[in-house]
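Two complexes, one shared chain (chain A), two partners (chain B, chain C).
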Partner chain A sequence: MSELNNTQPPQMEFSDDLRRRNLSGRIWMVVFRLSTVVGIIALVTLLLNIINQSAGYVHYEAKVDPDTLRVDGIPLEEQSKEQLMSVLQNNLSSGAYNKLDRDKPFAERDRGEVYDLVFDRVVKYKVEETWLLWDSLTHSREIKASVPTEQSGTELKFVVWANWDFLRRQQSSDPVLAGVRTAILGSLWTISITILAAFPLGVMAAIYLEEYAADNWINRIIRTNINNLAGVPSIIYGILGLAIFVRVLEPFTSGTLFGITDPTTANGRTIMSAGLTLALLVLPLIIINSQEAIRAVPGSLRNASYGIGATKWQTVWSHVLPNAMPGILTGTILAVSRAIGETAPLVVIGASTVIFFDPENPFSKFTTLPIQIYQWTSRPQDEFRFLAAAAIIVLLAILLTLNATAIFLRNRFSRRY
Partner chain B sequence: MKQIILNYPEARKSLKRRPRWGESIIQGLLIFSGFFSIFTTIGIVYELGKEALLFFREPAVNLWAFLTGTQWQPHIEKFGILPLLTSTLITSTIAMSIAIPLGLGVAIYLSEYATPKTRNLLKPILEVLAGIPTIVYGYFALTFMTPLLRTIFGQDTVDIYNMASAGLVMGILILPLIASMTEDALSAVPRSLREAAYGLGGTKLEVALKVVVPAAISGISAAIIVGMSRAIGETMIVAVAAGAGPNFTFNPFKGAETLTGHIVRISGGDLSYDSIDYNSIFAIGLMLFFITLTLNIISQQIVRRFREVYE
Partner chain C sequence: MVQPQSKTENSHYVLEAKNLEIYYGSFKAVTDVHMNVERNKITAIIGPSGCGKSTLLRAFNRMNELVSDSSIRGEILFQGQDLYASNVDPVVVRHRIGMVFQKPNPFPKSIYENIAWGARIHGYKGKMDELVEYSLRQAALWDEVKDKLNQSGLALSGGQQQRLCIARALAVQPEVILMDEPASALDPIATLKIEELMQELKKNYTIVIVTHNMQQAARASDYTAMMMLSKDGERSGTVIEFDETKHIFTNPKDKRTEDYVTGRFG
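Now for the complex of A and B:
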């Protein structure tokens, strides 16, 4: 109809339209590309923002100028443990010195600890002012001019907050001396418990669902349920952990059941509770990933095994599992890296109190790296923000290592049938 | 020889009947592990329900005031959930208005426009973005987004702790989730559909928007709903950046505590059992659980009902 009535040459209309369509195609392509660029910019900004806060000039005021504490002209940094002890002895009252010895005998402390003590008790650095990395690099002359370094006890240092001492030192309320060792140990302990509990349980559940379960209503409910659990907000697991592990199972999670009476243990708010809570959280992820890995093992392998007279479990144990293991491990590592970064459930089960001592067993009170970051971020002073940035760098480095391992495993051991 | 042949049916029977205790024990363990997830769900519903019930039994609390009250002030015995709910909705809405357009844009670009080389480079970046712990995003909101908003809109209009900053950063957090789920859905649309559309003279954009996207619409809606449920349950960003203290306001530049943020702040200190605060986090948690569960179930139903199955 329209062709008959059309007085204009159809060619003309078609090309007009084509120009419009191509134009809108080009515009939208730019839009799609732009949104990708925005995503990348967001990631880069996030990383740069953290790096920007993780180093820079710091203006210290010392109560006692470290230069005056030289022993035989040797500066503090190069003094031996004995020389550092003599510095402590000379500058502290004998009562204070003896109390330090009683808390932990000097014979048991290594040089680093004594060195920290000198700064903690004698030098007493106080942070007066801090600068971001960007300002420190671009305005270094103005910053240097603004700090009267010639005054005794005044010092301007370029500090990289995520340094070796930061990893080695315990948590402290003094930003100059604070470190993440307590938090890293807490994270390691917690994650070990999580893996010990969730890995076997998750893999066994996946084996059941893939190899044993018939396709009936109850197993369909289990499958749907696992998918739903994977979508439950992590904070809900925290509330569950608080009610069950911290409260109901307190005799178990505080260790009194095993005769451990640790005075620092606070009613079930322990590594054990945290690890088990995180185990519940990552269990659905481990099951789903393991199921996929088991499903990828071809049926011919199973049939070959049955064919030579193996039982069901023999088939699963010696043929299905070894072939699915790279996939299962990759999935588990990814789930664990999720658990390492979790903060909310641990805050809810009560890990957010400040801890100055390293955890010694699964029934100790603890803090973890993300919780340490949360606490430092919540403090108003800039220097704690910088510590948080440094701790974030440590956390991201750990996660990056784990993810790289997962990708390596996937590429190295994955087989195609 | 003769004997064996004679006894063959007997032998087969005994082999079959031979009890394999090891196998049975292992199978029992496997069944237990399989059912463990059910126990977890029952545990969540039972514990949240039990403590929430205690909360509603308190004389100071009644269900109607809980659902409609505009004040959440435990010290003067006002328990209205609305201030917590509105701030959760505001932060999630801001997050979704960032994450949906950008996430879909990224997904369409990756699946339809990008060369395989670019895609192989960009997908890992998205995965990295998705793997960053949320506390890091919280830090980013507080130390970057808030100062940025305050310079743009003025120190007086934007509070130090505000919902806008938390919502925007939450959008960045959810972007990779929506993008990668949508990308999976788009990639699952068979090539033949695209080729047919090109054969009819469609431009690249028309093929993408009028053929591929509608074919993958169930996967895309599921991605959006999962993103929404993630936004509502997101905790650390709002706990760090959105402010402490319930506040009934619709101004995104003001600070207000969300459902999750409130739970974190209340339980941050040493909470004593059976206090009204302790019970209240279970009531809030139960609410959160049902909201996210409903969203997740809807998303699964969409995938199941409306999925176009191609060979």
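Now for the complex of A and C:
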């Protein structure tokens, strides 16, 4: 005390600038709010742009007016399978008809397929003109006036491009008939392979690095480089995948090792190669996320386990892993969401852009949604851009479903300490 | 290593620290400790913060090894056998010498599983329901939780959680229970319950407790070890006085002990 009494206290004046401090606080708040608003505007613009292209009026022109295809006065929609077959027979050359029968005998086709065939091969609707959703809503009267709907064979329909048929149909060079079933199946197959390969590998590596690896320079270099790997551009993984999975491991990725000799699975450019390449791509992300989750398990829990004589493995298996699982699952699903949207590496390893049959096993040729979108956007016709927008909506729906699953899992498994 | 091979003269000592030094890397945290822990007694370790009480306690069941690059020099004998001998598995050490921590840390599982898990990993062969009830009764918790054994252990109050942790430690049948400030996060009533429980438990177990609370040490313990930084300017702690609790609190030999226990320190 005495020491304090002897020293001269410093000058005790404070400037009264509360107003200025509050003002600068308010300015910063406005800046922060503006940045958020910019982000939201960008997002809304993106969504509106996609939605704008995903629906609207379409002016169809039929090559053969469906009205002229009535059988005994019955319109096409109400005809039976046999009547529809006769329509086909009457309007196609016998060679074309027989080829259809050879592809898949008519006896095996149901009415819906034959009905589709009639429109595909005989009526042959062609898109004359398309309008965006915004124009369709605001200028519907002008659009209706501009299309001579009274003329037979001419039709004006309001089309939502992302419809059930779009999900159900295969790829086609005709925008009226094109769908994304092949691409959705390709994406799901690919991502399943990715998860099966990357999840166990990533989690096990994370457990090793967090729980077992000593803190020496080798392990520090490994840890740092896993972080670096997470930042490597995805196209480089594509080149790696091309070199390793498509070329070197071709017997495995093309399935010849398992006796699959499908001539169409051209040299290893298969779902297997794509899935494994994407697995390499997301592996660092899964390892990093799992490490974070494992590190977040409180030390008190480990102490409790060791304190009653549990071994390291018992502690990891019964306490660390269950408590890290919500974080691991969330991280994995976010990593997988990224993989689903990847295009570049798949282009490099040779995904097919146009493919007319569904993938049946991991050794099939394939396409995926992003590849399909890329392919459609590079076509000159407007209607393919609309298809691309519809495919983007499908892709976004899949991604949102995945993220919702992540949130659900996190809430389901999370425990409090 | 479980049973002493030969009865030595000091066999009523369960734990003996001889010339013990504990290091974290090159930093010597505890130096020159000599102390003996008697069977079925409560031994308290007191002293100011940062003098190595918890470090010493954790050395008694090799929990300190979980901190990387910690090491000891000197000897700790458990029933006459070197705890740190190369043929001794730390898992067995922690099975025989249990631990209760400062902050209650039940597993995020049901009350039943909290008790049963430890027994199960050690290959318990008896009836699990009986063991759970017995352990909870020993920890004076049975009457409070018998109707909610399937509820989460985390749903209990702090004091109940700590007794659950004691029950969990008892369920694997240790001989020694180390308690690291077990009541410091609890209110006085819960603290009292823990102290009463310790008096019950010492009939069957040997207890070593670290505490900041000198009244607690005076009330509850039979022996007291007083720890201090060994010299001014050095950062290694050591036991400056070890004696029966009544001597430490009424007639300490060391001036620093006297200052500390009478509250004149600092």
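Going forward, the second predicted complex is superposed on the first by the 352 of 417 C-alpha atoms of A that agree within 3 Å, B and C clash if a C-alpha of one lies under 4 Å from a C-alpha of the other, contacts with A are read in each partner's own complex, and residues count from 1 in each chain.
What we mean here is this: contacts are C-beta pairs under 8 Å (C-beta built on N, C-alpha and C of every residue); 3 or more make two chains touch, one makes a residue touch a chain.
Quick caveat, the model's predicted, so the values are computed rather than measured.
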Which superposed partner A:311 touches (first chain B, second chain C, both, neither): both
Touched partner set for A:107, first chain B, second chain C, both or neither: neither
Superposed model, chain A: greater residue contact from chain B or chain C: B
A:300 touches, of chain B and chain C: first, second, both or neither? second
Contacts on chain A seen with chain B and repeated with chain C across the two complexes: 311
Complex interface listing, chain A residues touching chain C: 214-215, 298, 300-311, 314, 318-319, 323, 415-417
Interfacial residue positions of chain B with respect to chain A in the complex: 20, 22-23, 26-27, 29-31, 33-38, 40-41, 43-44, 47-48, 51, 101-106, 108-110, 112-113, 122, 125-129, 131-140, 142-144, 172, 175-176, 179, 203-206, 209, 226, 229-230, 232-236, 239-240, 260, 263-264, 267-268, 270-271, 273, 281-282, 285, 288-289, 292-293, 295-297, 300
Residues of chain A touching chain B in the complex: 21-22, 24-25, 28-29, 31-36, 38-40, 42-43, 45-46, 49-50, 53, 200-202, 204-205, 207-209, 212-213, 219, 221-222, 224-229, 231-236, 238-240, 242-244, 247, 266, 280, 283-284, 287, 311-313, 334, 337-338, 340-344, 347-350, 352-353, 370, 373-374, 377-378, 385, 388-389, 392, 395-396, 399, 403
List of chain C residues in touch with chain A within their complex: 61, 63, 66, 68, 91-96, 98-101, 103, 105-108, 117-118, 121-122, 154, 165, 168-169, 171-172
